[in-house]
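Across the two complexes that follow, chain A remains constant while its partner is chain B and subsequently chain C.
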Partner chain A sequence: MNDQIRAILKEHGRLAVDVASLKDDSDLYEAGMTSHASVNVMLALEGTFDVEFPDRMLRRGVFESVSAIAAALTELTGGSAP
Partner chain B sequence: MASAVGLDLVDVREVADSVERFGQKYLDRCYTPAEVAYAMSAPDRVTGVRRLAARWAAKEATIKALDASERGISPRDIEITRARDGSIQLELHGPAFAAAQAAGATAFAVSMSHQGDLAAAVVVAHKGTRASRIRWKR
Partner chain C sequence: MSEGSGNVDVVARIGKEVAAQHADSVDREARFPSETVEALKKAKMMSALVPKELGGHGCGMIELAAMCEALGQHCSSSAMVFAMHHIQVASILRHAMKQTYYQKYVEELVEKQPLIASATSEVGIGGEMRTSKCAVMVDGNGRFKLDKDCSTISYGAHADDILFQARRTPESPANDQIFVLVRKPECTLTQKGAWDTLGMRGTCSPPFMLESQGVVDQIFEVPFADVASETQVPFSHVLWSNVWLGIATAAVARARAFVRQQARAKPGTTPPTALRLAEASSMLQTMRTNVHDVASECERLMHDEKEGTAALSSIGFALKMNNLKVSSSQMVVQIVNHALLICGIMGYKNDSKVAVGRHLRDAHSAALMVGNDRIYATNASMLLVLKDD
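Up next, the complex of A and B:
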């Protein structure tokens, strides 16, 4: 799952650094991701994992790291995501 | 009266790219139908995208002014409307309305601008007992 998340971040996250240089718990906003870019990341995640982020999950913390995104996807998929 | 301010700057090209890549899904998740209609009424596509970018900036500036980034607020819950006299107003819905109440905000001032590839907005949340100048909807 984390590899797919990283691929999406690379394409849509508009990070100022190479996503490969970031740890799973690195702060993506500190790495240059804007709030607007996080929406693109969310829409790409929804397409890839066939989920929809509910409004209650539209929080900065949900998208602040690879680990946080993975935790959110696990919650949304009930653990069935690859 | 205490106040809190939020500022946001958006690259218009990012918004144009989102419209191109995600189309209606992006518009539906980020903007109200009225906001999209206003943008689409622009004389050309570039101006329409700039209008969207300015509205996104205003939504983010509002969240900053309310210190509400962890409250689970949909961008659609913060709506930018135009009064008959042309002035900009905020309409807060659902969780955004609740966040304003929690912050003690009783009135807002908002200003938006766009030039070239940049769009920006400033929102000031006034806290106190003065009558609200904004229209709030649950």
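Up next, the complex of A and C:
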């Protein structure tokens, strides 16, 4: 799952650094992800994992790192992500 | 009403007795409303938001909003200066009180009543608050240097201290920002242009080159992103909207006076202007309800220790705040324009008792301070993921 998340971040996150250089718990906003880019990341995640983030999850903290995103996706898919 | 409403009365009186007296000269000469600010300082209103146990008035957002509206009825510039100062105070109180430096600063705020400006906008970036070019340069001795080329600093020349955002380090990306207070004795402000505008002339907001230094303790420990979403945006949009509500209320009051005068001249017939007044009154009520509703929700979330922080940083809340800003900034212009149509030539003449020219010019600033088109663009993007569930 983390590899897919990283691929989406690489394409849509507009990070200032190479996503490969980031740890799973590195702060993506500190790495340059803007709110606008984070919306595109959310859309791509919803498309790829076939989920919908409920509004309560649409806040900064949920998308701040690879592991935070993975935790949110796991919650939504009940751990059965592709 | 609560005990605190006495504070609103004090500010309303300053509005009526001080701000109103000088509003025309402040506007005509594009000068800082120093009389009003002095009166507010004397009444210890620069620390209105500071909790009582720390020596302040212990006001909440709703009371402060009512103060902004009360001042806005008499002098929009005074009200906007007051609002902007308190957006900064609210940021310190919510995000920096774990830091010794700011505990001391708040004591000073209560005692000396300094006026805090913000240096949000930057040349090459404009009003995009969450992006910075300038960066903090920290040396080995716990001190920093920070220069910012500001496209505008409201009342920069009259402020005692300045709070603003910058990149964390010269290597940081544009949105990795810190928030820092710099003290006037430790900064040099070089004015780079004039402030000769259509309205809001008394806010005195020309461009400045800001060169500052200080100790690293002045840097907020929490990232600016949190300060922006949890405090700066909600406080700005609620307080600004209340200033605009004050402007709209004042213009409608003038239109009402005009219509009553017409009615008295010909008892038995309802003047045709009364119909338009009825329309303006309905618009004003809609605006007031919207402003008050969002302010109540904001205040509730800010005091909700369990869910508040998450809710304030959510996309749904950001959308609601942005909607408040665009709608109230548009309504103020429509309402004042109605007042002008009602008062006719008497509203158009600057020396008339029902003049609304200043109100109309001031009202037009509302759509521009953080441009509405930029806000709509942000909302459009957020709506792509928001479900309203």
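Note that in this section the second predicted complex is superposed on the first by the 82 of 82 C-alpha atoms of A that agree within 3 Å, B and C clash if a C-alpha of one lies under 4 Å from a C-alpha of the other, contacts with A are read in each partner's own complex, and residues count from 1 in each chain.
Just so it is clear, a residue touches a chain if its C-beta (ideal position, glycine included) is under 8 Å from a C-beta of that chain, and two chains touch if they have at least 3 such contacts.
Remember, it's a predicted structure, so these values are computed and weren't measured experimentally.
More residues of chain A lie in touch with C than with the remaining chain of the pair chain B and chain C. Applying the stated contact rule after C-alpha superposition, one finds that A:69 touches neither chain B nor chain C. When the shared chain is aligned, chain C comes close enough to touch A:31, but chain B does not. Of the two partner chains placed by superposition, A:19 touches none, neither chain B nor chain C.
On chain A, the surface touched by chain B in one complex and the surface touched by chain C in the other have residues 34-36, 39, 42-43, 55-56, 58-61 in common. Across the interface of their complex, chain C is touched by residues 15-16, 29-36, 39, 42-43, 46, 52-56, 58-61 of chain A.
Note for the complex: chain B touches chain A at residues 8, 10, 14-15, 17-18, 21-22, 25-26, 29-30, 56, 60, 69-75, 77, 94-95. Residues of chain A that touch chain B in their complex: 14, 34-37, 39-40, 42-43, 55-61. Interface residues of chain C, counted against chain A in their complex, comprise 130-131, 168, 172-176, 223, 225-226, 229, 310, 313-316, 378, 381-382, 384-389.
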